[in-house]
Each structure stands twice: as structure tokens, then as C-alpha cells.
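The same chain A turns up in both complexes below, where it pairs with chain B and then with chain C.
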Partner chain A sequence: MKYNWNWGIFWQPAADGSGTWLHYLLVGVVWTLGTALAAWLIALAAGSVLGVMRTTPSKWAVRFGNAYVEFFRNVPLLVQMFLWFFVLPELLPTAIGDWIKQMPPPWSAYLPAVLCLGFYTAARVAEQVRAGIQSLPRGQMMAGTAVGFTLPQAYRYVILPQAYRIILPPLTSEFLNIIKNSSIALTIGLLELTARARAMSEFTFQVFEAFTAATVLYLLINIVVVFGMRWVERRLAVPGLIAVGGAPQAGH
Partner chain B sequence: MLASFDWDVIQRSLPYLFREGMTFTVTLTVLAMFFGIILGTLLAMMRLSSFKPLAVAAGGYVNLMRSVPLVLVIFWFYFLVPYIGAWILRQNEPIKVGAFLSSVVTFTLFEAAYYCEIMRAGIQSIPRGQVWAGYALGLNYWQTMGNVVLPQAFRNMMPVLLTQTIILFQDTSLVYVLSITDFLGAASKIAQRDGRLVEMYLFVAVVYFIISYFLSYLVKRLQLRIAVPGKL
Partner chain C sequence: MRNFALPVAAALALAVAQPAASQELTGTLKKIKDTGTITLGHRDTSIPFSYYDDQQRVVGYAMDICMRIVDAVKAELKLQKLDVKLNPVTSATRIPLMANGTIDLECGSTTNNLERQKQVAFTITHFVTANRYVAKKAANINKLADLKGKTVVSTSGTTNIKWLTEENQKQNLGMNIIPAKDHGEAFLMVESGRAAAFFMDDILLYSLVANSRNPSEWVVGSEAYTVEPYGIMLRRDDPAFKKVVDNAVTQLYKSGQINAIYEKWFQKPVPPKGVNLNVPMSAQFKKVVANPTDSGDPAAYQ
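Then we have the complex of A and B:
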């Protein structure tokens, strides 16, 4: 079989003149993490609000939360990416649309990518938050209101501190998902890790070296996140509060 | 502003979108589901095997696949499959592999990792006593698995397997990165040719939504039907 391996390629200067190919890929890691973290803030905030809404007594809040989750779950992420990038600027008032379209790269791709990943993952976080809240015994909410808490107070001091601890493991895998999903932003021109590995393979023809490097970098990111979250779980664990084992779920 | 849109473009391209694009998407989904579930079940059996090297190999494969983005896996196999083909056929040059075969291989191998985790949970949901009962009757490993454990595991996991398949259906849109004419790829080609990005992408979103929503609804009904009252 003919393939000319050349692992030294990583120390050769990259085509964009910024440094070596290794440096070029590492900048991709920064963009991947920068996109994922910014999107995660949106996902966590919006997902928490939506998840709580779906457990409140208000029928309309529940309906809105359900509709949101159904919409974002049933449209492929790539199509959503195109909706944010190509379609939204056209549907907004002309002035705002033009402002978005005229943003200098890479921000013109970064902003839609962050919004897309954030609001998509929010639907998945909302599902976890709802499941976490509903896994608590009903007596918790009743006890909260019985001691005189208002509904927001009962959520803040009784329900949510327990629910978040229960859903930490699934939230970790959602965070890993958002890192992996950020690679879809390459379709709208964001030069994150996968896009850079692809570009490197096209410039140098060292296809397998480039993809091996990207794979190893993704694995390293995964390991760091998993161990980091285990540490967080241990720090936040409350003795005697039993974690609820999750049922198998479909997902990525 | 909506007046400047040309919704006719959708009607004009319907035959192309569905006959070319959607056919590709559905064929790819069905094949990858079929082979993915078979391979995933085998991987799950390997992962639960008492023979350690087998369990470690399967576990390593599954964790590797689940740690990298699908887009990267698609790129990997797009370049790797010609070499694997040359290796299998004992040829010196990488063989030419069509986009379709390449994507079937990619999605089968990728989704198998996810199906594996579902089937592993399914197999573990069967009480160990049933396996022992199988052995006590004189059945061997394959007979016990095939006649006792797997039929029940499939039944228990059917809703999750189908939900994973809906995700697979949506994921096939990522073959876009190889410029393949799946449903999204077809729409994207028309969109760029006619300069009708807004209309086409909105239409694609609506079609994907309707199909996925309808399929999830069917899965939910199936789940209610096969649920044993009082169990789980």
C-alpha cells in the first residue's frame, strides 16, 4: 500500500504563515473551545429557564417549553446552522441583517455558530433539567411551599440545588456534545479544529497525519473535561443525597 | 419583504429534491441502521464478554467513536475507505470508492458505537438468571443469546434504538461536507444555482421537522404499547 507518512509535517511552516502546522491546529483547539464555551453559557441559561418552565403549574409555560424542545430536536443541527447563517439575516430588518452580514470574519461565522449551538443545546439541557426536577419526590416542593416559600423561592432553595446535582453527569455529556458539534460550524466557514485539520490535509496531502492529530486533540479535550467534571461532582456531592441512575438514552 | 421571495422555486425543484435527495437520505439511513444495529449488537456482546482482550477492544472502539465529531469521522473514512478496500482486495493502489458506499461504511461504523451502548444496556437489563437457565438447559452461548437474551433486549430497547435512528436520519445531512446530493445537498445546490437560500433552507427545515416529529410520535406510541404496567 502506498502512503508516504511524514510525521515531521507538524513542525513545518503552515500555509497561512502563522507558524507551524502544529500551532495552526492548536489555534483550532482554541476556536473549538471558544465556540463551545460561549454556546454552553447560552445553553445552560436558556435550557435551565425552559426546563423549569416545563415543570411549573402554568399550562402556557409548559406548552412553550415543549414546543421549543420539539422544534430544536427535530431539525438537523446542520440545517439549523444554515438557518442562523443564511436565513436569519434576510428575515431581520434590513439594517440589522446588513450589520450581521458585514461583520468581519471570523466573527461573521462565530456569532451564528455560537447562537446555533447554544439554542440547540438549550433544548437538550431543558430536557435534562425537567427530568432532574421531576425525579425529585413531590414532597420536596410541597415541603418548600409549606414552610412559606413562594414558588420561585422553592425552586431556588429546594428544587434546583438538588436537581442540578442529579443531572451533573448528563450535563457533562451535553458539554462534550457541544464541543463535538462545534465542528459543524466548519460548514459556515469557522476555522475550528476539524476545519483546520481538513485544510491542513488539503495543503500538505498528509491526510492521515492531520486527522490523527485532530482525533488525538479531541480525545485530550474529552479526557480533561471528564476528569474536570468528576472533580466538580465530588466537590458538590452532598452526603446522603442519592444520585438517580439514568436510563439509557439515544443521543450524540 | 416577504414579497421578494420566490416560493415557486420549491415547487419547481420538488422532483429533484425528493427523487434524488430524499431517496439518498432514506437509503443511507436504512442501510446504516440495519448494519449499524447488527455491528452494534456484536460490539455490545464483545464489551460484555468475559474474555478481556475482546471487551477492551470493543470498549476502546466505542469510546473512540463517541469522543470525536461525526464530521471528522466522515473525513477520516472518506480518505481511509479506499485504502481499506485496497488492503482487502490486495491491491497496491487505493481503490476508487463511490460517495454512496463510503457514506454507508462511515455511518454504519459510527452509529454502531451508539447502538452498541444501547444494546449493552438492553442485554444488561435481562436478569442473569435467564442466562443461567439457558445454560442449564444445555444451550451454548450463541443459542442462549439468540433465543433468550437478545429477543428480550431488542424488545426492551426498541424505542431507544428507533430514537437513535431518528438522530441518524438527521445526521446523514452531514454528508453535505462531501458535496453529496442528499436531501440537504440537493436543496443546497438548487439554492445556490437560483440564489434562493432562504426559501430552500426553510423548506428543508420544515420537511426534516415534519418527518422527525412524525417518527418520534410513532416511537412514543410504540413505547406506551410495549410498556409493561408497573414495570420500570
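Then we have the complex of A and C:
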């Protein structure tokens, strides 16, 4: 291996004149987090609604939910990103399409990236919410309606509080995924962490330093998320409840 | 016949000119001699420098030059047979693959500059391009000032976007600059109306326009903003190998054979679509041919 290592590169001025290369990458971290968090809000909200729809007695709601999930999780994310960015503005009325296209960067890339990641991850969250709900014994819903709850009330007070607790660990994985998937936004020109690591390696040819830094930064972000979610799990834990999802308990 | 005889004569001349190679071989030359193989890194879509043609063969202007270098290396090492391996590289993989010894030469359209020379070496410049913009004729853009306040695009990680960012601040143009993933996507951004102009090496712009659906609706700006010398990349700190490579390219220029190679790729129809780029040799590159240089300083080409 004949490589000229230069870890001092991070303290040298970046090509865009905004500061050092380290600063350049850290700005990328902010964009990565900004994209992932905004998309996560969409994913959680839309995914919950769709997941619940797929467990309701309404046939149409179930069909719509299934169609959504199959479409969004079977089309590659890279292709979806391309569709949101290049194709959507052409399908909308010209005035709105032009308004989207003329949005100043980086917002013109940020908005499609957030929508794309949000609606893609929503399909995955929906699948988990459905699984969480269906892992509950059928008697839970029956008991809920038997004590006089309407269907929405039964979901709100009986089903969902249990289902969400069961699916917290897989939701953590989805959250970690959305942070990593946000790197695909580099294909539509969003200068997030991976895009900036790439740009840095192109400008300086210090490829290994740039991508090592990006790796470490992703790792740190995700460790923080993992510990944060563990804390949430502990805060929300109801003694004896989580076991319900795993194995049917005695006396059932 | 002429085409065959000349390289042989050139190779012989080279071999004679070298002092008896009695010293121990080191670095890349030793590796090539020991393995009987030289590995060329090539690009996949860098038309007309290095790309796959319609039969999935690697062809291009830089490939032709590299094959001449291979001949010279073979003669230098007095090998009966030298296997040429081809290894595709991207802009992201070319440095690691060069550093870890997978490829010995990178034959493409890589800009030679001083910052990059801290990591790799470049042989004699094989093309000189300039930073220009392409825009739609209908947009009526004639100079940089016409783009004031508009959205423009360039490919991320290029020297072009670096220049654009700096100039935007210096001249207070207030342009919104979008970084695109690759040249095709940047071009698409102008085509779909997301950006008013695309700044890139002019040779790549000519090629994109020539291969577009409707070449007549495009215009490449008349003003050249920066000079970008392209070089074939090799490992740093390997003077023996660099000398052989440099001599081979110099010989190609001095003998005038470069003219035929240049014409073949820039002034005649090239695969895969049979488009003729029709780009005559620039004044800057003519200067390089007359006085071969491997300088990474744009000032050396003015």
C-alpha cells in the first residue's frame, strides 16, 4: 500500500472556503440529522395510520394499506429519490412544478429527500405497526369493545399502547436505517455527510481519511440514537407487559 | 503499414536511448516484470477518453495513449509478452486502487492539479480542457453576469464547482449552485429547467450536447474560465516508472503520432453512437505537444 496519509487534512481550509474540512463534514452531519429527523416524523405518523388501517375491519382500508406498503417497499429507494426529484415536478401543474424547481438550493433537494425518505420508511413502519397489533391476542380488541369502547377508542386505549411498546426495538432499527438511508439524498444534490465525504476525497484525494471520518461520525450518531431509544424503552416499560408480545402467558 | 512501423521504431529508439538497465528494478517496473502483467484503470462512460463501446470493449483516446505506454514499458523491460489487464475505476475508487497496487496507470480524464499531486503522480498532460457552461439557446445567456441570481449546477467534487463557488462569492453574483451527482444528472437538471446553466470541462459538455436528443437547442459559452490539464495517473515516488511513461508520451508527441490519435477520437465519428465531437486541438494542447509538460499548475498552460 502506497498511500500518503495526512490526518492533518481536517484542519486545513475546505475548498468552499467556509472553514476547515472538519467543519465542512460537521455541517454535513447537521444536514444528515435534519433530513433524517424530519423524514422520521413523516414516517412515524404516516406509518402508524397505514399500519392501523391494515388491521381494521374495513376491506378498502386494508387494501389501500397493503398497496401502499408493497409499492413503497418494493421500489428501490434510489429510484424513488429520482422520481420525487425529477418526475414529480413534471406531473404537477406547470406553475407548481416550476415553483418547486426554482426553490433555492439546498431546499430544492432537501424537500424531495425528506418526502422520499419519509414515505419510504412509512411503509416499513406500517408493516411493523401491523405486526405489533396482530401479535396481540385477539381477546384484547374483543375485551376493549366489550367494555363499551368504540373502535377508535379501543385502538387508542387498549391496542396501540401495547403494540407500540412491543415494536419499540424494531422501530429503533428503522430510525437507524433512516439516518443511514439519508445518504441516498446525495444523488439529488443534497450535501449531507456522505456527499461531503465524497466531495472532500475528490478535492484532496485523501479518500481514506474522508471516509474514516464519515464512518466514525455515523457510528457516533447511531450510538447516541441506540442509547436514547433504550432510555425511551425503559421509561415506557410496563412491568410484565413486554412478555405478552413474546409468548402467550399462562391462564389465557 | 505505417501505423505498425512507427511504434516499433519509437520503441527501438527508446530502448537504445536508455543506458543499459543494470540497476535493480524497483517499484512498479519490478512489479510488472515479476508478474508479467500491467493493469490499466479505465472509466466506463468518459467519452471519448475511456469508456465501453457498443461491444463492451474499453476504448478511447486515453486508452490509445496508454497502450503506447504499455508498448514502451514492454520494450524497456525487454519482455517477450506483457499481459494487459483492464480494471474499471470510478472517481471514488481510483485513488484507493492506485494506492493498494491494483492498477498501475489510470487512463481517463483526471484533472492534474497541485493538491492531487500530494497523493499521486501524473505523466505528461494528454488533454487541456477549460471550464465553461452549457445552457439552452432559448435562455439567451451570453456571459457570466447573465446568470446573476439564477440557479446553476455543476458536478459535485469537481474543480469546476470549486471555481464556481469561489467566483460566485468574489463577483457577488448571488447564483444558487446545486451540486449534481454526475455529469448526466447535472445536464438533466438544465434540460428539465431546474438550473439555467451547467459548468463543466468543455470537452465533456461538447460530448453531452452531441449525444443529447436535440443538439441544436444547446449552446456552450464562448468564454473559457479556467484551464484543466488532464493527465494519466500513476503512483507517487516511483521515478523509474514515471520516466519510462513520460518518455513514451513525449515520444508520441515528438513523432507527431498524437495527431492521428487525436483526430480519431475528436474529429471523426466515435462509437457507440457514431457522433463526431468535432473539437480541433486547442492552442493550449498544441503548446503541450510542442513542449511536453506534466505540470499541475494551470498557469503553465496559459
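In this section, the second predicted complex is superposed on the first by the 242 of 252 C-alpha atoms of A that agree within 3 Å, B and C clash if a C-alpha of one lies under 4 Å from a C-alpha of the other, contacts with A are read in each partner's own complex, and residues count from 1 in each chain.
The working rule: contacts are C-beta pairs under 8 Å (C-beta built on N, C-alpha and C of every residue); 3 or more make two chains touch, one makes a residue touch a chain.
Just so we're clear, the structure is a prediction, and the values are computed from it rather than from any experiment.
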{"item": "Superposed partners chain B and chain C on chain A - clash or fit", "value": "clash"}
{"item": "Partner chain(s) touched by A:Y3 [first = chain B, second = chain C, both, neither]", "value": "both"}
{"item": "Partner chain in contact with A:F86 - chain B first, chain C second, else both or neither", "value": "both"}
{"item": "Contacts of A:L219 with chain B and chain C, given as first, second, both or neither", "value": "first"}
{"item": "Touched partner set for A:E70, first chain B, second chain C, both or neither", "value": "first"}
{"item": "Chain B versus chain C as contact partner of A:E202, first or second or both or neither", "value": "second"}
{"item": "Which of chain B and chain C A:T187 touches, first, second, both or neither", "value": "both"}
{"item": "Superposition-derived comparison: chain B or chain C, residues of chain A touched", "value": "B"}
{"item": "Which superposed partner A:D16 touches (first chain B, second chain C, both, neither)", "value": "second"}
{"item": "78-86, 132-140, 204-212 or 222-230: stretch of chain B that collides with chain C", "value": "78-86"}
{"item": "Common interface positions of chain A, toward chain B and toward chain C", "value": "1-3, 86, 90, 186-187, 198, 201, 207-208"}
{"item": "Contacting residues of chain A [partner chain C, same complex]", "value": "1-4, 6, 15-17, 86, 89-90, 98, 101-102, 104-105, 108-109, 186-189, 191, 195, 198-199, 201-208"}
{"item": "Of all residues in chain B, those that touch chain A in their complex", "value": "1, 64, 67-72, 75-76, 79-80, 83, 86-87, 92-94, 114, 117-118, 121-122, 157, 160-161, 163-164, 166-167, 170-171, 173-174, 176-177, 184, 188, 197-198, 201-202, 204-205, 208-209, 212-213, 216"}
{"item": "Interface residues, chain C side, partner chain A - complex", "value": "91-92, 95-96, 99-101, 115-116, 118-120, 151, 153, 156-158, 162, 165-166, 169, 176-181, 185, 188-189, 192-194, 235-237"}
{"item": "Residues of chain A that touch chain B when the two form their complex", "value": "1-3, 70-71, 73-80, 82-83, 86-87, 90-91, 94, 176, 180-184, 186-187, 194, 197-198, 201, 207-208, 211, 214-215, 218-219, 222, 247-252"}
